[in-house]
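Each chain gets a letter, A, B, C, D, E, F, G and H, in the order it is written, and its residues are counted from 1.
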Amino acid sequence: MDSAKIQKILSDLSSRKIDEAAALHALRHLPYEDLSFAKIDHHRHIRQGIPEVIYAAGKTEKQVVDIAKAMHKNSGSFLITRASKKIFTLLKIKGKVYHEASGMIGVGGSKEKAGNILVLTAGTSDLPIAEEAAVTAAFLGSRVTTVHDVGVAGLHRLFDNKKAMHEARVIIVAAGMEGALPSVVGGMTDKPIIAVPTSTGYGTSFNGLTALFAMLNSCVPGIAVMNIDNGFGAGCLAHKINTLS
Amino acid sequence: MDSAKIQKILSDLSSRKIDEAAALHALRHLPYEDLSFAKIDHHRHIRQGIPEVIYAAGKTEKQVVDIAKAMHKNSGSFLITRASKKIFTLLKIKGKVYHEASGMIGVGGSKEKAGNILVLTAGTSDLPIAEEAAVTAAFLGSRVTTVHDVGVAGLHRLFDNKKAMHEARVIIVAAGMEGALPSVVGGMTDKPIIAVPTSTGYGTSFNGLTALFAMLNSCVPGIAVMNIDNGFGAGCLAHKINTLS
Amino acid sequence: MDSAKIQKILSDLSSRKIDEAAALHALRHLPYEDLSFAKIDHHRHIRQGIPEVIYAAGKTEKQVVDIAKAMHKNSGSFLITRASKKIFTLLKIKGKVYHEASGMIGVGGSKEKAGNILVLTAGTSDLPIAEEAAVTAAFLGSRVTTVHDVGVAGLHRLFDNKKAMHEARVIIVAAGMEGALPSVVGGMTDKPIIAVPTSTGYGTSFNGLTALFAMLNSCVPGIAVMNIDNGFGAGCLAHKINTLS
Amino acid sequence: MDSAKIQKILSDLSSRKIDEAAALHALRHLPYEDLSFAKIDHHRHIRQGIPEVIYAAGKTEKQVVDIAKAMHKNSGSFLITRASKKIFTLLKIKGKVYHEASGMIGVGGSKEKAGNILVLTAGTSDLPIAEEAAVTAAFLGSRVTTVHDVGVAGLHRLFDNKKAMHEARVIIVAAGMEGALPSVVGGMTDKPIIAVPTSTGYGTSFNGLTALFAMLNSCVPGIAVMNIDNGFGAGCLAHKINTLS
Amino acid sequence: MDSAKIQKILSDLSSRKIDEAAALHALRHLPYEDLSFAKIDHHRHIRQGIPEVIYAAGKTEKQVVDIAKAMHKNSGSFLITRASKKIFTLLKIKGKVYHEASGMIGVGGSKEKAGNILVLTAGTSDLPIAEEAAVTAAFLGSRVTTVHDVGVAGLHRLFDNKKAMHEARVIIVAAGMEGALPSVVGGMTDKPIIAVPTSTGYGTSFNGLTALFAMLNSCVPGIAVMNIDNGFGAGCLAHKINTLS
Amino acid sequence: MDSAKIQKILSDLSSRKIDEAAALHALRHLPYEDLSFAKIDHHRHIRQGIPEVIYAAGKTEKQVVDIAKAMHKNSGSFLITRASKKIFTLLKIKGKVYHEASGMIGVGGSKEKAGNILVLTAGTSDLPIAEEAAVTAAFLGSRVTTVHDVGVAGLHRLFDNKKAMHEARVIIVAAGMEGALPSVVGGMTDKPIIAVPTSTGYGTSFNGLTALFAMLNSCVPGIAVMNIDNGFGAGCLAHKINTLS
Amino acid sequence: MDSAKIQKILSDLSSRKIDEAAALHALRHLPYEDLSFAKIDHHRHIRQGIPEVIYAAGKTEKQVVDIAKAMHKNSGSFLITRASKKIFTLLKIKGKVYHEASGMIGVGGSKEKAGNILVLTAGTSDLPIAEEAAVTAAFLGSRVTTVHDVGVAGLHRLFDNKKAMHEARVIIVAAGMEGALPSVVGGMTDKPIIAVPTSTGYGTSFNGLTALFAMLNSCVPGIAVMNIDNGFGAGCLAHKINTLS
Amino acid sequence: MDSAKIQKILSDLSSRKIDEAAALHALRHLPYEDLSFAKIDHHRHIRQGIPEVIYAAGKTEKQVVDIAKAMHKNSGSFLITRASKKIFTLLKIKGKVYHEASGMIGVGGSKEKAGNILVLTAGTSDLPIAEEAAVTAAFLGSRVTTVHDVGVAGLHRLFDNKKAMHEARVIIVAAGMEGALPSVVGGMTDKPIIAVPTSTGYGTSFNGLTALFAMLNSCVPGIAVMNIDNGFGAGCLAHKINTLS
């Protein structure tokens, strides 16, 4: 709906560079491929800066495999999140990689490794979500460093990684039982922080809801929060910020 | 309902030291005074270790004043929580003190100042609840130290008070927007910690609920949690622990 | 707690360039000023990239004025959020500005106006929070553009601002009844988006909670979410991202 | 309880056209069949416009089959929702059809295909609920068109279906992670919209609750909302509206 | 974004009926008026079937009056919801009407009174929301009948209005403490029912939430639900359905 | 809808004892008076055992007064709950009584005082709800005994009233912060217990919700629970049980 | 703690009818049997009117069987709720009966069948809870009548059972998706009503919570509510009320 | 970060007792071992009074075993909570003990058994959490007494254990359906009470949430509350209080 682009098409039509049909076609501005149950958006990368990634949960295995194949044929690359090992086996594509903790399957991806994203986790059980964030950002073209198990119960472990914080452009903090961690990190650095609550814990952790609210509630300015377990979204946002020129 | 005590009364009756009426009377084990709308429990101190304190919210001003007078007449001491300044004016009793931030009125109280309780607050708005805890514990007979505004956004302020933590027997941490603070304190000390969520903050602070859940959720063992804004309860428990012989 | 910095101090001490007392002093790494009810952190700018801003809600008017004066004396600048007009009147400081919709008081602030932050609102009632974000970011040193009333009920109003989206480095979207807006904006741009739910609406808007959850839930990657009504936090984060070199 | 009908019966009795017993019988106004565990209401179609449909969840397989048989014997038609494949196998009735995504079993149904209902889904995982709505409306006698995967992350996919929106009399929108979709559709059309939240998503999707609230909260007037996953109800209501003469 | 319309514009341009500038202008498909704090959408009636109504809550009195004047100047009609009596006084416009129970201000509106909408309320305290629905639908051009106080505690009062139900094309049911009412009505009629939960009641009524959930939960098919207290939305939707040709 | 009664009417008509019009009239089984905003149900006493009581909250003062007058004219009796002192002043009716704690106004009422209902309260702030229950039951014709301030913190106060429990036919327990009380009472008696949670307390009392849930959750069988603060309902039910012959 | 009983013991001791040891023993007023993991309370029947029933959920199969045997040995009777078929098989006791829908196992029970309790269910899926209530009340000694599937979607089915309502002393209404049913029943009768919400339904039924709140919220006085799925408690309470002399 | 300790190190360096490297090393105040997925904190005992215990939930079996081995090699002791029997089998370590109800594995632990902690449970299903608390406290070095099944439905069972309460220094109360128990115990003793809500029950027990809120809400001062099912935390805190000198 970009006026300039429309004007260009109109101008081309007006000057007969293109005909009516071509103009109409051009105005339907982004092509997609229709698989009947899903419309693959091959141009999303151009529009949103993130290629369409396949969220496997809630889709049948066949649907996931079909979408992956269509994408692979088009671009040679794709990323699947929340995938079972079964889907990995069903996919007959070379170069596929399975990330076990997070259940991701990747093929291709960006070769560039720009900037520097630091991913911190509070405890061992936050690892799958941290991996989802790290693999996503790397797939999109960011350099990623990961440090695990630096929760607030032993602050010295966190302090020993102050250098890594300093060298990062953006910091992702994944924590479930320790919603406090992003606040503590935020008190130590001037970098943008992306907090990802994870659904670990029991009782009043409410599957990550308490961590989510604690993170939103932080007194430290400059902390943004993602949905519970949304490592993928954190990786995307971190990559966008990291590669802002 | 103590078997030994009952046996003593029975034995006295059996040996005619006391008569039936006296025995029956003795078995109704704790006296109280009936004001029709409230039954004052003058022996609560013996039974629970805490004299009955008047919770003014939900009572009429007249009811509060009447209960306070009855207590004062009996013991020369009382403590009122959540009291308006109006009640303070209505109370014609010598030596009364009004604690403005917390809305407490005290007369008398223990003269002993035993042990050492440290009260920490995350921010200025947590001060009223911290005062409620401190005044309560002091009234009951504990020595109390208070340090304000040591939230996680500036950890060095907390670290500068490590000596105070070391010298305390029990630590009360009052925090609303920073449910994280008890965890951080708990990672630095081996003392029992009583966390009191406060109803400050906005949005997802949910009037203290997020702080409450974050505190309950802490990975650091040895943290007990009180109801939101329950500075009084924190003061009572801290005093009990502080004076355990 | 930076090893290099400690090593430098130790080395200086070891070589007698500084004495023990100076070393100890240097190691207490950041100074602050103690007002008894609040500890002002004059070096926060260095540590976190954001100078301490005064959150007036939950503080007495006198406390706010005292903190503001102490800050003004130290740096010539300060920003107060959620302030009443009364506080503005009480503050006897030159150059003070009152932002009516958001209730902010600013003095000084950065002169630099770097990069470009776009602030979008869904409806007229989201305006106060949008102003809080915009004033904050401008105070910190960012260039800010604001466009109001571009909700999804009339998408063409949003499409007419596509150029503004394209020119921004970061986009803040404030919306209460239209939690949908950040998703729609996110589908049209590759810029990092900071979504701020506002507490407008009634019934199932739950004071902004529904907008908050809808935003966290968005399928569009690259959207970060702030606490309900946290325009200040959005302004801080947008500024950090906007000025990342 | 229709006065006119009662008057007619009374009048018939008064004029001896019918006897007392017949009058009493006529006044028990709607017959039903008692299966001991369920009372089948064969006249519901007349009273409510919707024949009784069997909701299989919470019933034993035998109960479902028995009810279906009784209905089939009475009218030759029935529809079962939330049915397992096992029930489909147990049913020995000709012409039965199993709708896999939604788990519906249908026999018979209306032959008329009146008006035009458009069913839109935001993503592939909303498909089962959309199918439930579509199959129900078709069974009742409406013409139904379905378009999948037109979520807000790629608005052009939605715009390409504007003609279908224009041709519909009623629009059903099924969406889970994108509670925004009905608002966006509602901004583009003047048709009544029935929004069905689906229980897809994770974290703060709360099994469809966030979508439900977002839909109820929409600023666009003319959107009605159904219970989470209630495709059946949406199909019924759409059919009623679609066939209003 | 209607292809046909675009093709027409392109065709006109191609054949030189219009020039480039006119084509570009035409493509920005709907005009609106910019009041800086609000963008009035004069063509909404064409696009959505409902003219823009002013929701006064969350706007300053001056903003409401300015928007009303601009609308009045354009079309001679407007409707304000949730308006204070003060706004009514401030509005210097002839023919203005104040609806006291609901706080609505209307000027002009449709002269046509088509079809028939029945509005039922469970109790006296549901009256304001019922009035909001009735006034809205009448303003838009529907004939409206209202019957109050027909709650389930006295079913005979409801049965006495069966004729009114029969004559209606659509039924709106407003109920707070009696979330049951739409189900009972739904069991007696084949008309589309729009249920509006109201925020009356106490304790577990949760300001209308229980009524909302009970209505969504109804076993009777063909009931659509609106946001709590959203009489306006119910009126809009009822009007749309009522005037479907 | 009683077959026998209908048969009687039909039989009378058939044998010409009554005419058609009389029969029709008789079949509209219960008369009521229409005040336009409220339909007073004078025969409710016969149908439900409880005369219509006026719930003042959510009605205008004039509406309350008008309904009360109409009832008084019909039966000489009425009871108003949640009434302001202003309404009491506006009512020009002899013999009116104002119950201050609960805000009830009564005129007339049953003269009989049958059976025995015991009302217990945990604390002074539960008194208004206990009064609502006691006044209601007495108005309907039950003998009522009330004992205040017998909470679980001093069980001996409760034990001293064991005789009162023994003599009661039904026990009402009103408690807010002590949801435990009905369980403790239930462990000591074999009488039906009606538990009424009250909205006293703070923090996690959630305006009575915690007491409500705790009461519903009790392990002691034979406890029924009312809505929060529903003293009126408790009084009605206790009266019904108390007067079961 | 009954004064009279104590006085009797004291009197006996004083007059040497019993010795000290016997008096002490008598004062430990109720015997129980200790199984180490559970203390069986054989005298509960005397104290609470309900013999101890075994709640199997949360206990191991062995624990359930051991408790049942101890009870059987003592009284020849017991009732187990929420029991698996496996437990039924493991129990080697004559006369045991398994109630399949509710998962109850009964041996013995009262032979008396007094009064009359009516159990109504809204739909087939509410049957297990209704059975739990009916079996419990019958076991305790009440006569019980059950009528299924009389939900509000077909009110005539309910009206046909008005005679059963009239003959009952107490009515239990079990309903999940139709929280409305107790209100409708309550509008038709003057009998005490015990409402039991069941955890059937989906979406906003919230596992019975919506039905629970709707029932608590009913405008019809005289309805008491039990915990979700607590058929056992409803049966106990109904029996207590039913057998009140 | 203890100034005194730093001064000592600086002083030693200044006086050449230690060199720069040693000083730097000393300043990294607590060593830990890095297993890549977890950082074991061998000195936590010194800092927090509690050695690191392994929380098995959310970790792979291999991770748990590896951490346990590393701990065992370092200290000869470890405790695992929420462990499956499979982990017990995989651990090839002498002296290991499996606690079946709670799923804990212990090796070594303190030999000292100091003070006296009393653990009370309301019912048989609270036993696993009580065991978690008891085993933890004993492992850390406290003497522990446990009494089961003393719920409020039979208060005499509780009264019979008054002596045990008197002899304890701290009391842990584990209860799920009976959130009332800590209040009742708190009314009988002056000892600090640690309340642990358990996730037993159904319906409105909300997996322990109701018990949690009821405990927080208690009127009896001196009760601290732990997260739902957090027997481990209760054991740690009780031990800390029990061993306060």
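The rule is short, and it goes like this: contacts are C-beta pairs under 8 Å (C-beta built on N, C-alpha and C of every residue); 3 or more make two chains touch, one makes a residue touch a chain.
None of these values were measured; they are calculated from a predicted model.
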Taking each chain's C-alpha mean as its centre, the one farthest from chain H: E
Which listed pair, C-D, E-F or B-C, duplicates the contacts of F-H in over half of its pairs: C-D
Rotation angle superposing chain E onto its copy chain F by C-alpha atoms, nearest 5 degrees: 90
Rounded Å distance between chain D and chain H, as computed from the means of their C-alpha atoms: 54
Where chain B and chain D are represented by their mean Cα positions, the distance between them in whole Å: 58
Rounded Å distance between chain D and chain F, as computed from the means of their C-alpha atoms: 41
Multi-chain contact residues (two or more partners), chain D: 3, 28, 47-48, 123, 153-154, 186-188, 203-204, 212, 216-217, 220, 227-228, 230
Touch list for chain F against partner chain E, complex: 28-30, 32, 36-39, 41, 44, 47-48, 57-59, 63, 197, 199, 208-209, 212, 227-230
Residues of chain C that touch chain A when the two form their complex: 1-3, 47-50, 53, 159, 162-163, 166, 169, 186-192, 194, 212, 216-217, 220-228, 230, 232-233, 236-237, 240-241, 244
Interface residues, chain C side, partner chain E - complex: 123-125, 127, 148-150, 153-154, 156-157, 160, 200, 202-204
In the complex, chain E residues that touch chain G: 122-123, 151-155, 177-181, 183-184, 186-188, 201, 203-206, 210-214, 216-220
